[in-house]
Amino acid sequence: MTDMQAAVKAALKAQAVETPSWAYGNSGTRFKVFARPGVPRTPWEKLDDAAKVHEYTGAAPTVALHIPWDRVDDYAALAAYAEERGLRLGTINSNTFQDDDYRLGSVCHPDARVRRKAVDHLLACVDIMEATGSRDLKLWFADGTNYPGQDDVRERQDRLSDALREVYDRLGDGRRMLLEYKFFEPAFYTTDVPDWGTAYAHCLKLGPRAQVVVDTGHHAPGTNIEFIVATLLREGRLGGFDFNSRFYADDDLMVGAADPFQLFRIMYEVVRGGALPSDVAFMLDQCHNIEAKIPAIIRSVMNVQEATAKALLVDREALTTAQRAGDVLGANAVLMDAYNTDVRPLLAELREESGLDPDPVAAYHRSGWARKTAEERVGGEQAGWGA
Amino acid sequence: MTDMQAAVKAALKAQAVETPSWAYGNSGTRFKVFARPGVPRTPWEKLDDAAKVHEYTGAAPTVALHIPWDRVDDYAALAAYAEERGLRLGTINSNTFQDDDYRLGSVCHPDARVRRKAVDHLLACVDIMEATGSRDLKLWFADGTNYPGQDDVRERQDRLSDALREVYDRLGDGRRMLLEYKFFEPAFYTTDVPDWGTAYAHCLKLGPRAQVVVDTGHHAPGTNIEFIVATLLREGRLGGFDFNSRFYADDDLMVGAADPFQLFRIMYEVVRGGALPSDVAFMLDQCHNIEAKIPAIIRSVMNVQEATAKALLVDREALTTAQRAGDVLGANAVLMDAYNTDVRPLLAELREESGLDPDPVAAYHRSGWARKTAEERVGGEQAGWGA
Amino acid sequence: MTDMQAAVKAALKAQAVETPSWAYGNSGTRFKVFARPGVPRTPWEKLDDAAKVHEYTGAAPTVALHIPWDRVDDYAALAAYAEERGLRLGTINSNTFQDDDYRLGSVCHPDARVRRKAVDHLLACVDIMEATGSRDLKLWFADGTNYPGQDDVRERQDRLSDALREVYDRLGDGRRMLLEYKFFEPAFYTTDVPDWGTAYAHCLKLGPRAQVVVDTGHHAPGTNIEFIVATLLREGRLGGFDFNSRFYADDDLMVGAADPFQLFRIMYEVVRGGALPSDVAFMLDQCHNIEAKIPAIIRSVMNVQEATAKALLVDREALTTAQRAGDVLGANAVLMDAYNTDVRPLLAELREESGLDPDPVAAYHRSGWARKTAEERVGGEQAGWGA
Amino acid sequence: MTDMQAAVKAALKAQAVETPSWAYGNSGTRFKVFARPGVPRTPWEKLDDAAKVHEYTGAAPTVALHIPWDRVDDYAALAAYAEERGLRLGTINSNTFQDDDYRLGSVCHPDARVRRKAVDHLLACVDIMEATGSRDLKLWFADGTNYPGQDDVRERQDRLSDALREVYDRLGDGRRMLLEYKFFEPAFYTTDVPDWGTAYAHCLKLGPRAQVVVDTGHHAPGTNIEFIVATLLREGRLGGFDFNSRFYADDDLMVGAADPFQLFRIMYEVVRGGALPSDVAFMLDQCHNIEAKIPAIIRSVMNVQEATAKALLVDREALTTAQRAGDVLGANAVLMDAYNTDVRPLLAELREESGLDPDPVAAYHRSGWARKTAEERVGGEQAGWGA
C-alpha cells in the first residue's frame, strides 16, 4: 500500500455522512406518493433503519431529525435509543410549510401572527437541540410568492432578518444555524432565500455561527456548484451539504446518480479547501419516489465515499504544477486521471479492514431486514412528509 | 368602430376557452395542498363553479373532465346538468398515474398486466366520450424513469406505440386523440413523451385524428413555444393547448401571469396560422396552490382573450411588408405596437355588447358566490387530485 | 392631468439612460460580424451618433467609453467634443480580454506578469476617469476556465481580490467601482465573478464605493433578477444596470425586446426601492448583430422609459393594502393594471412638452442621418469590438 | 481474456471517429480568437495534423471538410494527399453563414436571390462530394431571427423545405443528407431547425437518405439526449453525431469533458440500438479556444472510445433481467458497474495489440510535431472560421 493510499483510507475512515430521518419514510411528487411495505411508522423505527445503513457502511453514524415529523415526548429517550444502535442524533430540521397558516409564507408572512408562530416553532427546535445534543439547526424556508406583486419582496427580507436574529440569539453554546437556500419550489415566482448570496448576506450579519448549507439540487440549470463550495469555504461560511442529485429540478434522487462527475468536482473543492475533516456537515437529503429506501441510502453513502476517494486521489502536486504552467490539457488530465480511477476495490478493502462486508448493498439484501420489516410493520400509519 | 376593430371583436366573440374541472378543486405541490372553504366536493359542484366562470366571461362554455376524478354513474345526467347551466362537457382526460400499480409507468410499464390495466382505462375513457359527447380524448402519461438503466428506453416506446394504436382504433366517428408531451415531472430521468417531436412521430403513425397538445408549461427553459405552434399548424397536427404559465418548471400558474408577451406571440402564430377559429382546442390547465380558484380561472380566460385581441390587432399587411423588406426593427415594431396596445377597453365593450359586466372579476366578487359556497359546501371531501 | 401623472412625468424627465459607445460600432457572434454602412470609425463619430440618440429621446445625455476601443490622445478634448453636442462622457469600461496574454485570464491569470499587466490597465482607466470626469469605473472580467482542473478556483479568487483592492485604493474622490458579474461566456466551466453573491462579497470587503452592476443578460435561466435588484438596493450595493435582453444566453438584444414584463418588474423594484432618482446608473449594454444601431438604441431608451412609466403608475397604496391582506389575486391585479396600461401617449406628451418629436424613431429616420453617415463615413476602419 | 473482453475489443477496433478539419484551425468566442503557433494554414496542413491524430489513436481515419474553408482547386489531389497519409476525406459540411448576404438567413432568407445563392452553394457541395468520394453532406443552418416579428416563422419553413428538396434530389447514388438541428445561436429568437423534431419532420418528407445529426451541444438545458438518440435509432433516422461537450451553451469543448456520464449513456443507447457498427457517423465537432488543438482532439477520440468501451461492458442480460423485474436499483447498478469500470487498461492493451503506443497523448508529445510545425508554419494566414 502506497503512502497515498494509506492517507486516502485514513481520510475516508474519518468521513461521516448524516442520513435524514425522512428519507426512510414515504415521499413522492405532487402526483402520487407510492407507499412501500415495511416503511417505518415512528421515529424509533426510522432509527432502526438508519442503524442498518450504518451497520453496513460504517459511515453513517448520525441521523438528522425533522420537526414535527420526528416529534416525540422524550428526546433524551430517543437519543438513548439511537445510542444503543450505534447512532447519534444529528441536525435538527425545522418545518414551517405544512400548516394551513403557512399558505403565504412563515417567517416572511405578511401577517405578524403567522410570523410569530413560525419563529416560535424555530425556538422550539432550538430547545430540542439541547435535549438531543444536536450541534446544528438547519433552516429551510418554503417562503416565497407565486405571482408578481403578491407581496413586497423587500419587506419579506426584513421579516426574514428579524426572525433569523431572534433564533440566532437563542442558540446555545457551540450550536450553529445552517441556512439553506433554494432556487425555486414550492414558491414559483420569488423564493425568499433563493441563492447562496442571499443566505451568505444574512449569515454575515448574524455572526460566525450562522453558516450556509449547499443542497446540490437547489440551483438554476448550469450553475457551477463547486465554485460556490470553494467560495463559501474561502469565506469560512460553508456549514454543510444536503447531498442528492437532480436532472432538472429538485429531483431529490440518490446522490451521484445524475452527475457523478459533478459530485467528484464538489468533493475535490472540499478536499482542496481543507474541509475534510472539518465542521462541514455532510448530509444526505433525498426523497425516494419509486425505489426501496434503505438500499438507496446505502448506495448514496457509497457514492459520497467513492467521489471523496477520487477527490483524495488527485495528484495535487502535479495539478498545481500544470496549473501554474498554464497547461490546460495537462491540468485537466491530472484531475481526470483521479476521476477515471475505479475506487471500488479500495473502498472494499477499507470496509474489510473495518470488519464490514465489502459490498454493503449485497450484505443488506442478505440480511433479510426488508422482508422482516415488511412483515412486522403492519398497521399504523407509515411515516411520510405529512407525519 | 373601424373595420379592424369589428373583425377583432367578431373573432373574439367566436373564441371559446375550455376550463378544466380539476382547476376548481384543491391542488398543490409535493410539500402541501392548501385547502380552501367552498371548494367543490363533486363533479356536479365543479360544474356549478364552471358555470360562474362562463356566466361572467361568456367565453368558457365547455368543461374538461378528468377520469377518475370526475367519475359519475350517469354521464348523460352530468351532460344534462351542464346544459342546464349553459355549459357542455368537453375533453375527456385520462389518468394513469395515481394507482400503486403505476409506480413504474402505465402504458410503458415493464409488466404487461399493468399495461393492460392502463389501456383498459383509456378504452373506458373512449366509452365515456360517447356518453358525454366529447370530441377529444386527451392523453398525458406520467410514464418515465428516474434512474439511468431503470428500464429500456426504446422498448418503452414500443409499448407506448402499441397502447396508442389500440386506443386510436377504438375512437368513435369524429373523435380525436390529443397526445400531450411533457419535458419532465413526475419522472426525472426519462419521460416517455418528452417533447413535441415524440408526440408528433406517434401521431403521424396513428392517423389524422391523432393530434399534438401543447401545454405551455411543458418545455425546457428557453424553448421557443410559438415556433412549435407554427410548425404543428403547418403540419396540420396541432390539436390544442393546455394553457397555464410557469417561471421555471410546470408551475401551473394562471395563464399569462409569468410571461404575457410569450402568450401574445403564441396567439399571434395561432392567428397567423389560420387557427382562429379552427379545431384547435383552447384549454386551460392550471393548478391553484394559494389563490382563490374561480377568480383565477376568470382572470386566465381574460388573459387568453387579451392576448388574442392583441394578436388580432397586428397589422399583418405592414408586418409582411417590413418582413419582406428585411426591415428588422420595422417588423418588430409592428408586432410590438399591437402588444403595447391596451385592449382592455375593447374587451370591456365586447362584454357589454354581449350583455356581460365589463369587469368579470368584480362582477364575480359582487355575486356572493364565494361566501355562499363556503357556507353551503360543508362536510364531505373536497375535490382534489386524489379524488 | 392628475397628480399621479404629473409625478410620473416629473420622474421620467429626471431619468437618464447612458448609452455605450460600443453599441454604435459593429458587433456580432463568433460566427460572423455583419458590418453596416455608416458605422463610426472613431470615438468622435460614436459621439456624433450618440448625440442623435439624445437629440431625439432627450434621455441619453451620457456615453460610456470602453478602453482601449475608445482610446484617444486627449480625453479632455473628447469631453469637450461631447459637451458641444449636449453630451457628457460617462462610465469608463475596462477591457482585459482581447490581448493574446489574456488567454487564461487577466487579473486571475496564473502568471503574475499577466496579472500585473491587467491591473496596470485598470489603473490607466482610473487615470482616464480623472481626465474625462467620469464617476464610475465599470469592471467586467472575462476571466474563468474552460476545463475542470485547469486552474485553482480558490486561488483565482485571491488574485482577483488583490487586484480589486489595488484599483479601489487608487480611485479618486467621489469615484466608484462598479463590479459586474456574468453567469458564463467567454469562459465555459468557471467564471471568476459568476453571480451577484461573488460580486457582493468582494464589494463588501473593498468599501462603500464598490458596488454591484446587474447586467440583465448575465444570469442562469429562471433567475429572478428583480429579486436581486431588490436585495442589492436593500443592502445599499446596487451600483447600476447594464440593460439589454436575452432569450437564452447573453444575447445582448435591445432592452425590453425579449421580456418586457421582466423589465417592468425590475423597474418596479427600482421605484419601490427609492432608486429613482439615485446614484444607480441606468446603462445600456447591447450588441447589434443584424439591426441598424442608432434606431435600435433609441428603441431601447424608449423601452426603458416605458417600463419605468408603468412602474411609476403602480398604485402603491392599493398594492400595499392587498399585500397586507394576503389578497394574492388582488395584489397581482394592481401590478398588472399598471403593466397593461399603454403609456406611449403619456411619453409622447412628455416629449412634446420638452420640445421633442413624440415619435423619436420616426424623427430619426426623417433626419437623413443614416444616409448621410453612410455616404460620408467611407474608408478607414469601422469601429467594432476589436478596435 | 474473457469472451466479453474480446467482443468489446473487436467492436472498439471497428469504431472510427471522424475529425473535423476546422478543429485543427483557430477558433474562439465572439470576444477573442486566440491564435496558436503551428496552426495549419491550408487544407493540406490540416490533413497533416489529422494524420497525426490517426497515427496515435488508430481510430480517426477520416476527416470532414468545411466548404469554403477547405476549398481547393483539385479535390482529387486532396483526396490522394489524404490517402498517402492513411486518411480518407469524409463528410462535406456546407457554410451559409459567413457572407454579408446571409445577415437575415440563407435558405430561409426573405429574399429569393439570397436563397438561390445559398442553394447553389449547397449544390456545389454536392458536386464536391463526387470529387472527394464523400458519403455524407452535412447541413447546418445558422438561419433564424433575433426579434419577434422579424420574419414569418412559417414561411421560413416553406423556404427551407424547398431548398432541402432541391438539394436532396441532386444527391448522387449512395450519398446521404445529414440535417443538423441547433437550439440557439447565432440567431437568438428563432432558429429555423431548432430541435430534432423539426429536422426529423423534414427528413421524413425528403426520403430515406435524409437523416438527422445529433450535435451533443445543441440542446436546451436538461434535455435527455440519449432519449433522442434511442428514438431516432428506433425511427431509422439517426445519421450521425457531432460530438463535443458543453456546460451551458454550445461551448464546443472536448468530447466528454463536461459530462462523461452523459456521453456513456449516449453510447449505451447506440450499442443497445445496434448501431455499432452501422451507418451512423461518429464525428467530432469541437472548437478549441484556449487549448492546444491536436492533443485535445486525441483526447476527444480517446474519450469516445472509453465511453464506448464502458457501454459495451454493460451486462445486457443482467440489465434486462432487472428491468423486467422492475428492480430500479438493481438495473441502475448494472449500468453503473460498467460506467465505474476503469477501461483505460483495456484500451491500452487494444492499442498495443494494434502496434500503437498505449498512451496516445504522451506519444504525440514525444513526437516533436508541435515544435516542428510551430517552427515551419511561419507566414501566411492561419486557418480559422473565416478562411
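We call the chains A, B, C and D, going by the order they appear; numbering starts again at 1 in every chain.
Here, contacts are C-beta pairs under 8 Å (C-beta built on N, C-alpha and C of every residue); 3 or more make two chains touch, one makes a residue touch a chain.
Heads up on the chains, UniProt names are A, B, C, D = L-rhamnose isomerase.
The structure presented is a predicted model; accordingly, all values stated were derived computationally and were not measured.
Engineer: What is the set of chains touching both chain A and chain C?
Structural biologist: Touching chain A as well as chain C, we find B, D.
Engineer: Looking at A-D and B-D, which one has the bigger number of contacting C-beta pairs?
Structural biologist: Top pair by contacting C-beta pairs is B-D.
Engineer: Considering chain B as a copy of chain C, what rotation angle in degrees (nearest 5) results from a C-alpha superposition of the former onto the latter?
Structural biologist: Roughly 180 degrees of rotation.
Engineer: Can you check how far apart chain B and chain D are, centre to centre, with Cα atoms defining each centre and the answer in Å?
Structural biologist: Distance between chain centres, rounded to whole Å: 40 Å.
Engineer: Let me have the rounded angstrom distance from the C-alpha centre of chain C over to the C-alpha centre of chain D, please.
Structural biologist: 38
Engineer: Could you check chain A for residues that touch two or more other chains and list them?
Structural biologist: 103-104, 146-148, 183-184, 189, 221-222, 224, 247-248, 257, 261, 290-291, 328-329, 332-333
Engineer: What part of chain B is in contact with chain D in the complex they form?
Structural biologist: 103-104, 110-111, 146-154, 157-158, 183-184, 189-191, 194-198, 200-201, 204, 219-224, 226-228, 230-231, 233-235, 261, 265, 269, 272-273, 319-320, 322-326, 328-329, 331-336
Engineer: Please output the residues of chain B touching chain A within their complex, sorted ascending.
Structural biologist: 27-32, 34-35, 97-98, 100, 102-104, 142, 146-148, 183-186, 188-189, 221, 246-249, 251, 253-254, 257-258, 289-291, 385
Engineer: If you look only at chain A, which of its residues touch chain D in the complex?
Structural biologist: Touching chain D from chain A are residues 221-222, 224, 247-248, 257, 259-261, 290-292, 295-296, 299, 306, 328-329, 332-333, 339-342, 344, 361.
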